[in-house]
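Each of the next two complexes has chain A plus one more chain, namely chain B in the first and chain C in the second.
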Partner chain A sequence: MTLARFAAGRALSGVIFALVVASLSLLLAHAMADDVDDDPLAAPESRAARRAELGLDRPFLETYARWLAGLVRLDLGQSTRFRRPVRDLLGERAINTTLLAVCALLVATGLGLPLGRLSAVDPHGAGRAVRAASLAVLSVPPLIGALALVLIAARTGWLPTGGMTSREGLTGAAWAADVLRHLPLPVLALALPMAATIERLQARALLDAIGRPFVAASRARGLDADAAARVHAWPVSLAPVIGTYGVLVGALFSGSFIVEIVTAWPGLGRLMFDALGARDTWLVAGCGAAGAVALAIGTTAADVVHAAVDPRVLEAQR
Partner chain B sequence: MNRHSRFPLVALIVVALLGYLWWITPSAIPPRPATALARGGTLTGALRAEPRSFNRLASRDLSTEVVTLLTQGKLVRVNRATQELEPWLAERWTSSPDGLVHTLTLRDGLQWSDGAPFTSADAAFTIAAVFDPNTKSVLASSLEVDGAPIGVTTPDARTVVVTFPRPFGPGIRLLDNVVILPKHRLESAVAAGTLSQAWGPTTPPAELVGMGPFVLASYEPGQRITFARNPRYWRRDDTGQPLPYLDRLVLEIVPDQNGELLALQSGRIDITQQQLRADDYAAAREMERAGGLRVQEVGVSPDPDVFFFNQRQTVWAKDPRGSWMATETFRKALNHAIDREAYANTVFLGAAVPVHGPVSPGNKKWFWPDLPRYAFDREKASALLTELGLANRDADAFLEDAGGREARFTMLIFKGNTGLERGAQVLKESWERIGVAVDIVPLETGALVERMLGGAFDAIFFNYVATDPDPAMQRDFWLSSGSAHIWNIGQKTPATAWEREMDDLVARQAAAVDPAERVRLFRDVQRVFSEHLPALYFAAPRLFVAVGPRVRNETPGVTRPQLLWSADTLAVVGDAPAR
Partner chain C sequence: MSRRSLRLLGILAVIAALSPWLAPYGAVQRFDDLLFAPPMPVHVDGGGLYTHPLRLLDRLELRFGADTTRRTGLPWTTPVEVAPVLLLGADGLGRDVLSRVLHGARASLGLALIATIGSLVAGSLLGAWAGAAGGLVERAVLRVGDLLIVLPMLYVIVAIRAALPLVLPLPAVTTVLAVIFIALGWPRIARGVWAIVRIEAQEEHALAAVAAGATRWRVVTRHLLPACSGYLAVQAALLVPGFVLAEATLSYVGLGFPDSVPSWGTALSESANVGAMTRAPWTLAPAAAIFLVVLATNLLLEPSDADVPPPSTR
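Now for the complex of A and B:
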């Protein structure tokens, strides 16, 4: 199988996956009683009228068919909570979550891979401290980790305690600089647990690779331990780590849910939280779809990169 | 271990030590300077959620209410600190002796924020828009008297005559419910039947015109709403200085209450959306000692948490537990089993006062201190349960009825509300001590309300927020036909003789125009309520608000929004810290 064909297959699976997840989101959202009226004690007639106006009084299959038809036109319905088209809301927030997720992934990779390598090559020295730190970070739930970082920011004043910008009306370079000041807090909250995961995986994979015969052979040819690990074992150890990135991308989006709320980052996670709280059917389905698409893209990209660096993946498909 | 491998560990320890040293050093907060109130500056507050609309006629969520309080004006308003009615866009009014006709005189020379003159036609336009069937305004029922709309005529540009279909005790107090909209801007939307969609969150700020102290400058979804001073605002302070004091007011969207308190601590915001949670008092006091903020007690909440059983007879007709669970005796037994002092100490960490009915001391005008009380007496509670035929017929700690069914019910509560969760646990433990088992089920708000509206519950413990302290403005709660008569909503005819009596008293109280008569009648309402106990109340929390060190001249009230209800008199000193 060629890499291109493999990528096309994964992309098709991704599309099917996104469609199934989005459909299930709609099914769950439709099953919930939607808060179409902001007055919980509003008269039943008023609630019924508003439901009819939004097309929420129809049977699920009819609603689903209408939603699928809308999906083709990129019309995802109207949010009852925000009284705006779901497509517009998703567009605004998806870019913010993507920025956060990409930065978190880069930071996690930048920290996790070298620390994992350090942990493997010096298991009794620095590796011990790194391992302890990783386990500590992994054992902290995302909510507590995010709150702890906000607390540190509040006490020191080193970083903004939340939000994406400090004030309104910023444009161009000033806006970018301000966003950069606000990024570290949510990025660290998301990236630290992921970096710890990568560190653990990398250390284990590298230790495994170091123990294999081709590394012993390179040592027998006169290469020192550091060089053998760096030149021969490390590239081989990357393959299983890259293979887990699909899962990590999923964790990234689920983690952003709570981090965005605590750090007031205006992304998809927060939008989903608002949508669920308000039982906003179309918006829940839209957020589900957007999350599924992002996850499908992330996992597809991770699989393709994995296949590119590890030919055994393509061979296994034959 | 070689020297290189030890380095990261040493570095880690050094960093940890530095972190600890920094941690125990309080932030350097400048002392509060003694500066006179001056115009200028930016105050930053927080909103927990984004507004659904900028149109108060279309939405009643708290964020929409806050935005419209800042940008729009009312003819008269209820002062949230004193709970009294005071002139606003109308400078005075007279009422006919029968309470049916109220003549309001508008202030002279008022202008909308776009410079257009404000006249009585705007008031008449707004009231008509509220009742326009195409608008389907959420405010319509709040401007009705016994289901009939109020009428408005405008003999001249400065006079608004409001006619009530029947005498109504609170009089024009009900006009506090509605902000006046600009006829010259929204007339076409009303004509097209699209007013409910007008002024949505995507409307350009320049199109929003108001009579409030501020105008909308920008709205960044998910981030913040920024307001600028309305240069045509009518109000001045005692020294003749034009209000508002602030140049700008920014409301950051901070969805998490923990994050909100930390933002206050860091100086990112100057005020919070509402009162502190009981769990946050200690932390806030600590921050106050370090000089980072000021904590003020506002008063007792007018809205104590409420516990009630489902009292729909149709539900209990099919459930044999109804023979004891749906009785007054059972409710009285449970009421006697609660030590309210201990409840206040446990649930609100001491910052609460015991209450025995729905009207707390926070409702200054209508609280009745001599309301009959149910003393904490477990023996009496047990005796009442025995009267109902409940006895322990097996080896466990709970009672059973004659049919062997355990004295057990399910209590629904709002999920995520720590105060309610703690309160529910105290109730459960108290009632289990007299042999009644309780299963607590936390639900999302929407799901709980759906169960309540559908009558699918045993008991509910939640927080019901009244819109106005005047009982005649809460008839939806008191009347058996009311949509907020929570224990048995929307009855066609009163299900019980005492509800019929209460309906009669509430109707007479609402129609009475003599203040003393209104007080006497409402005490009778409370007496009937206490005798039959359709709902149980235990404690009302003392409310505290926290403000940053730059804030001046705040006048917090006990109802939401505690600080922003009077935003035109809020002031700041000094520059905001870099955020």
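Now for the complex of A and C:
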């Protein structure tokens, strides 16, 4: 099987996955539309009128068909809470969540890979400290990490404790600088436990690779242990680490929800939470669809990259 | 490793069951003069452990000072009329944080253990069914399971819980949370059990049982599922911290237990605003409790230092 065919297959199942999850989220949103009205004392007629205005008085299948048709035209209806098109809201918030997630993934990789290498190459010196630190950090899930970092930020005043910008109306470089100051806190809360996971995977994979015959062969030709680990074992050990990124993307999503809540980051998770609380049917469905698409893109990309660096993945598909 | 993880679960179950009796004060018992009181340090001398009771210095700024002219014992030995002894300080309503953490352990750990047992039972039954029946059942179970494994668990839990009526009586809340947790916890178990059952069914002892005329149910329960016990023990140790965290997250955002129920999540949600947190960091003690549960699990599943190869002679 060629890489292109593999990628096409993964992309197709990604599309199916996104469609299934988006449909489930519409089903969920439709099911909770029964109490869409925020005023329990309203007359039944005005309730019915409101439901009709929102397009919720139709049978589910008809709503579903219309929503799917709208999805193709990127028209996801109107948000009742924000009184704006769902598409515009999703666009803004998805960028913010993507910024958070991509930064967290980069930080986690940038910390995890070198530290994992250190812990495998020098297991009794610096590696011991790395392992202890990674065990401790691994036990700080994003909820706890975000709370702890907010506490540190509040007591020291080094970083803002929440939000994405300090005030409205900033533009250009001033805006970017302000966002950069708000970014480290949520990114660290998300990235640190993930960095610990990557460190442990990298350490185990590298130890495994160092034990292989081809490394012994390079040692026999006179290469010293460090060079053999760096030049021959390390590239091979990357494949299993990259193979787990598909799972990490899901963990990243779960974690970003609570981090966005704790640090008031205006992302997709917060938006969905607000939408659920306000019984904002179309916004809930839209958030589900956007989340499903993002997740599908993330896992598909991870799978394709894994197949690109590890030919055994393609061979196993035969 | 599986025996160690069973021991950890046993310890957590004992803590969950006994914690209300270990707590020195009631979960909602309030000390009106001790709002946001800091933890009282414990001193040691020849007479044993003692603390100095706190005195309110400034009601407006909520400043406290230790009354060094008096000394009291630990909270379990000191009648509350003499002086409340708050080893971990008090929250914004003047409630003892240590007692709140201990009372909260019952709801948080109890729910996690119920959900874990439920996930194990549902996962092994579905996995064994899929492995033994094959065909359409096998495909359906594995496909649905795969879809659920990929979904981000916290999002799904929050979405499902938020879609249900928000205010429910306590037994209903507990049931709803447990059912949601189990609905998301079973797939990983089912996949593992399915794989083990499929391999184990080719073993001679299973084939012999089939040849001897045992029913399929008997073969599965007596000959195939016992092979999964080690796997299940390790998975149980992985599920518990996940569910503790899920409860904390849900209660933190106001979708878990109602505020009247002490749990680690509800306790965290009360100390959530930055002002309260900065003034009284000790109200984050439930977060430390969650950290300890996760750390205990990670330590348990960690390969020990003995597994690291000895230094090579370079």
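Rule of thumb we're sticking to: the second predicted complex is superposed on the first by the 303 of 318 C-alpha atoms of A that agree within 3 Å, B and C clash if a C-alpha of one lies under 4 Å from a C-alpha of the other, contacts with A are read in each partner's own complex, and residues count from 1 in each chain.
The working rule: a contact is a pair of C-beta atoms (placed from the backbone, for glycine too) under 8 Å apart; a residue touches a chain by one contact, two chains touch by 3 or more.
Predicted model, so just to flag it, every value in this text is computed and none were measured.
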item: Simultaneous placement of chain C and chain B on chain A, clash or fit; value: clash
item: Of chain B and chain C, the chain that contacts the larger number of chain A residues; value: B
item: Chain B versus chain C as contact partner of A:G163, first or second or both or neither; value: first
item: Which of chain B and chain C A:R84 touches, first, second, both or neither; value: first
item: Contacts of A:F273 with chain B and chain C, given as first, second, both or neither; value: both
item: Which of chain B and chain C A:L151 touches, first, second, both or neither; value: both
item: Partner chain(s) touched by A:P141 [first = chain B, second = chain C, both, neither]; value: second
item: Chain B versus chain C as contact partner of A:G112, first or second or both or neither; value: neither
item: Touching partner for A:S254 - first (chain B), second (chain C), both, neither; value: second
item: When the two complexes are fitted on chain A, the stretch of chain C hitting chain B, from 40-48, 166-174, 220-228 or 238-246; value: 166-174
item: Set of chain A residues, in rising order, touched by both chain B and chain C; value: 32, 124, 128, 147, 150-151, 154-155, 161-162, 261-262, 273, 277
item: In the complex, chain A residues that touch chain B; value: 32-35, 37-44, 46, 49, 81-84, 88-89, 92-93, 96, 118, 122, 124-126, 128-130, 133, 147, 150-151, 153-157, 160-169, 261-264, 266-267, 270-271, 273-274, 277-279
item: Footprint of chain A on chain B - complex, ascending; value: 1-2, 4-9, 12, 22-23, 27, 49-50, 52-53, 59-61, 136, 138, 197, 200-202, 217-218, 220-224, 226, 250, 252-256, 258-259, 262-263, 265-268, 444-447, 449-450, 453, 476, 483-484, 489, 577-579
item: Chain A-touching residues of chain C, taken from the complex the two chains share; value: 147, 150-155, 158-160, 162-164, 245, 248-249, 252-253, 268, 272, 274, 277-278, 281, 284, 287, 290-291, 294-295, 298-299, 302, 305, 308-309, 311-312, 314
item: Residues of chain A that touch chain C when the two form their complex; value: 17, 20-21, 25, 28-29, 31-32, 123-124, 128, 135-136, 138-141, 143-144, 147-148, 150-151, 154-155, 161-162, 207, 224-225, 250-251, 253-255, 257-258, 261-262, 269, 272-273, 276-277, 284, 288, 291, 295, 299
